[in-house]
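In what follows, subunit A forms one complex with subunit B and a second complex with subunit C.
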Partner chain A sequence: MNDLIRHERQINQQLARYGVRFGIYKNGTFQERLFPFDTLPRIITAEEWEGLRKGLIQRVNALNCFLRDIYGEKRILADGIVPEDFVYRSPGYLPPCEGIKPPKGVYSHISGIDLVKGKDGVWYVLEDNLRIPSGASYPLIARGLCRRCSPETFRHNHVVDNRNYGELLRRTMDSVNTGGINVVFTPGRYNAAYFEHSYLAEKAGAVLAEAGDLCVRDSTLYYRSVHGDEKVGAIYRRVSDEYMDPLCFEPSSLIGIPNLMTAYRAGNVAVLNAFGNGVADDKGIYYFVPKMIRYYLGEEPILSNAPTYLPIDDKDLKYILDHLDTLVIKDVAEAGGYGVVFGSKLTKSQLEELRQTILDKPRRFIAQEVIDFQDLPIMDEGKQVERKADLRAFVLSGAEETVAWPSGLTRFSRNPDSFIVNSSQGGGFKDTWILSR
Partner chain B sequence: MSRLLHFNYDVQLEFSQPVQQHSFVLRCLPPNLPEQQILDLSLVVDPAVPLALQRDGFGNLLQAGRIDQPHSHFHYRVRGTALRDDTRRGPEPCHPVFRLASSYTALSPEMKAWLAGLTLPEAPRDRAWALAQAVHERLTYCPGATGVSTTAAQAFAAGQGVCQDFAHIYLALARALGLPARYLNGLPEGEGASHAWCQVYLDERWVGIDPTRLKRTDESYLRFGIGRDFGDCPMERGLFVGGADQQQTVFMRVSAEQ
Partner chain C sequence: MDSVTLSKQNRLFWLGRYVERVYTTTQFMMNQLDHLIDETPMDYVTICQRLGVACPYTDAEDFCHRFLFDADAPCSVRSSMEAMLGNGIVLRETLTSPTLAYLQMAEAAMDLASRSDSPAVELQWVLDDLMSFRGSFDDTVDAEEARNITKTGGMVERLSLMLRLNWHLERLDRELKKLVNRLYKTDLTTQSQALELLERRALAEEPVPNDQLLTAVEGLFVV
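The block that comes next holds the complex of A and B.
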């Protein structure tokens, strides 16, 4: 392990050379930053992973059932398990997707499930990301560099090899492919995640394409290669729904493929992930995921949600109002990190204001307990310190099976008072080791 | 009373310079419905290219295609005959999205205040009609004052617009009153241009209201698309490569036999 720590600088230099960066929006401008890598891995034992793995697969399977149901029969709404408003008021619900059956019925092919481990040792799911979760390339490339710097470390520790991600991605694409080549669709080289797009395309043996390389004719998606047009059977797109087809969604999009929706509707191309998945990963729907697992799979949820309360339920409402100063309140209508309020940070009058807003618009909010999650050690200027960290696990769903990648992206926050200059805001990442025994 | 409608709908787009790689989606065909039986229908597109005939998420017929070659005109022509009979319309389900505001129909504070100042009857059917009267009175019909991307709030602030704006404003207000309502476009009997109107969901049935003409719709209306607003069912949407100006000429005629 010391061997690895000694190589921290070299590994980070290599990562910078590869262009391992991430983009953040700050004060309305877009900035790219290096993503600092900390060599101390998060370690998950074989036994612990077995529980996580089963729980992740179960959760993603239920979410896929939910998406199939919402854009199809809507049984879960008719049976009153999920209130209609939570679905139809969600900005991620897309009426143009009504009635479309994606190839093999898979909606969320690549799911990023964000978890934290509580001080009680229990893993809690904080968020499901079913649209275009990013970040798998970071631990993938970092692992490669670590192995090169310190082969000894990996000879002596029984770490499950995670370098099969490209193969898993390829299998997932192949299993839903409608006949034709696999394509990774990127907004272009100026996108902050372009490195990841090109890296994953290479690892999965897919063609990296931009809008100008693709066109839809006769309800079929084609890639314009030097040999002529080639039919595309599966497209792993790294562009948001609203920009994908200017003739169906946002008309001003210049990075989309006109009439892609026509090819998709005709069943001639698999789109990874499907359009309209945002309805299943919204803050309000999160509350219902354990209920979905029971409803669709007839199983008890293996993974826990953070304890969540809905103001539309009388008992929950009373609890929320009694504990407003210790809960996190989330505005269901807001996306990303917006509309999240910690009760403990509010003044008395702000709390009163929030209380009134919740009473006026109970459907707009959910409330959650603040999870006291475990700190992980990181090396900071040669000293070991403790920092908050989460884990994004990647789950891949193909036509036949759902698998959890035995790795993941562990992100940690840096102390804002620390005097490290190059990434004071964004935090860094670690490798995630799953032990084989 | 049932009516046999013969309809012609011609649209010609002329480009000042040739354009190419032209992808388009048309929603310019009337669907076959209990109250609207399509007896005869043709669509001709020039330049001729293969068309994908599909239904969108709202059940609208759509026709998609692509013209790769340079071309300086795009012409589509619809001909057909429909038997309209509103007595054949039965109860229908209502998709919950028609209860909610949509991108074109978000309510502005100004609209909200105006709505609060109206005295409307309690019974939903009367309420729906009284609202149409109020909207019709509030707005001035004025072609050219608004565009295809004008929202209900913008048109309301301007106090004027065309059928699309009348419909959007009506939908925004009706939904705010708790009446599910949807946007329709198609052809009314007569000559001129295509039209847009609304339907309100009352007693499990969709009831047509035309706030522009202040009319309960009848068998003289031929329906093409439905949606939450214009954005869900434009009759034509296209994208091409080329910096040309375009000029559109529309010819429409619907004549009736009783």
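The block that comes next holds the complex of A and C.
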């Protein structure tokens, strides 16, 4: 490992060389930054990964069953496992998706599951991201560069190769493709994750396209080539549902494809991930995922949820109000580390204000115990220090199988007092090693 | 896999133009930096006029530094570098990451040059990286059409700068012939009048004034 640390400067030079950046808007202007990389990897043993892998696949399979059910028969509602209110009032539930069966029945093709490892050694799922989870490109490119800079490290450690992500993505797209080319659809150059969009298009051998490059005719999606239009069979879109089709969702969207929903409804194109997935990664629905696993798969959940309380339940509400100063409160409509409030950080008057907001809008929040999760070592100006870190694991679901990518994005907080690890809030990233033995 | 849409055609063309713009203006400015050593008079006002850019510079030294490195000046070499990289970044899946990296390195070398007290040494790295980009581009990009569009863009820019800066005009005939031969390998839409004039000059070797030639070169394509 020392060899890897010794090459830190070279590795970061290589990351700069390949333009490994993310964008943020600050004071109304777009800025691109290098994503800070820490050379010390998160290490997961083969045995530990085997449990994680099974748990991740189980969880994503159940979530796909849930989405199929919600936009279809709704058995889980009829059987009272999930309250209807939680589905129909979720901002992620999209009525236009009712009755639509996506190609091969897959809804969440690329799932990003956020986990932390508690000091008790247990992995806890913090969030499911089933819409457009980002981040796989960073450990993907970093691994190749680390191997180049410090071959000795990889010669002496038995690390499972993670450089097959592009191939896994291509296989996933091919497996649901309805006939035609594969496209990665980006909102454009000034999106925070543009590096990722272009890099994954390259690695998956897909065409990178923006709104003006695509059109729908006769309920079919086409790529406007100068040699004539080419049919698109699968579109890996990196644009939120509401902006994807101005004729069906947000009418003012300039970054969408008019009538895409028509092509999707007709079964002429696979959309990865499917529209309407937000209903399943809603922070309120998260509470019910273990129940879904039991309901759809008849299995006990392998992975644990963080202990979660719902303000709409009287018993939970009482607990939340009694322990507001020790819980973390999450706004279910927010993402990217926003809308997360730690009760311990609030003043008395702020706590009172939060208490009132929860009472006024109980459906808007969930409350969770603060997981005392393990710190990871990072290098800070030549010194090793401990920081909070999470893991985003990526699970790919195609027509035939669901696969957990043997790697993941480990994000860490650079601020010693913070639990927030998101890149948009100044966090950095690490490689995630899965040991083969 | 690669397919070319109109927007991609546009980007490929302008990628070629900006790579050439950075390359030629860097070479040109390295020459000007050399003149500064001997205090050879430099008509930077005319240079700006010929390039069609504003001339807010106080003296030759100010011109040399700011025209090269001022990121806020829309026509500086640094700004052209940004435009070049911007076009490259949106073409990553066509160029591939290893090829695009040469543009990133050229940008990093330009930053080093801006902070150096001997900038020409670092600027040589900019030229080296751009030449490496061209080699890698030729070797990596399988789609012949994409290669031809970018090369055509580069040829247009080179001719434009030669004519504007009176730079290496001895190579003008050769460059004109290269462009005329290349443009038939692309699907770019040409303006017939401009094309006719260029062909008269390049193939029939009829005399055409340089300012008319410049207008024809700049107006050759509808991109």
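Following the convention adopted for this analysis, the second predicted complex is superposed on the first by the 377 of 437 C-alpha atoms of A that agree within 3 Å, B and C clash if a C-alpha of one lies under 4 Å from a C-alpha of the other, contacts with A are read in each partner's own complex, and residues count from 1 in each chain.
In this text, a residue touches a chain if its C-beta (ideal position, glycine included) is under 8 Å from a C-beta of that chain, and two chains touch if they have at least 3 such contacts.
A quick note: this is a predicted structure, and the numbers were derived from the prediction, not measured.
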{"item": "Partner chain(s) touched by A:Arg217 [first = subunit B, second = subunit C, both, neither]", "value": "first"}
{"item": "Which of subunit B and subunit C A:Cys248 touches, first, second, both or neither", "value": "first"}
{"item": "Which of subunit B and subunit C A:Tyr18 touches, first, second, both or neither", "value": "second"}
{"item": "Which of subunit B and subunit C A:Gly99 touches, first, second, both or neither", "value": "first"}
{"item": "Partner chain(s) touched by A:Ala280 [first = subunit B, second = subunit C, both, neither]", "value": "neither"}
{"item": "Partner chain in contact with A:Asn182 - subunit B first, subunit C second, else both or neither", "value": "second"}
{"item": "Partner chain in contact with A:Leu52 - subunit B first, subunit C second, else both or neither", "value": "neither"}
{"item": "Shared subunit A contacts, counted only where both subunit B and subunit C touch the same residue", "value": "none"}
{"item": "Residue ranges of subunit C touching subunit A (in the complex, touch as defined)", "value": "1-9, 86, 89-90, 92-93, 96-97, 100-101, 104-105, 108, 187"}
{"item": "Parts of subunit A lying in touch with subunit B, wherever the complex brings them together", "value": "84-85, 88-89, 94-100, 215-219, 246-248, 251, 258-259, 262, 265-266"}
{"item": "Residues on subunit A engaged by subunit C in the complex (per definition of touch)", "value": "16-19, 141, 181-182, 184, 189, 194-195, 198-199, 201-202, 205-210, 212-213, 223-227, 230"}
{"item": "Contact set on subunit B toward subunit A in their complex", "value": "21, 23-25, 50, 52, 54-58, 62, 64, 66, 68, 95-97, 99-100, 228, 232, 237-239"}
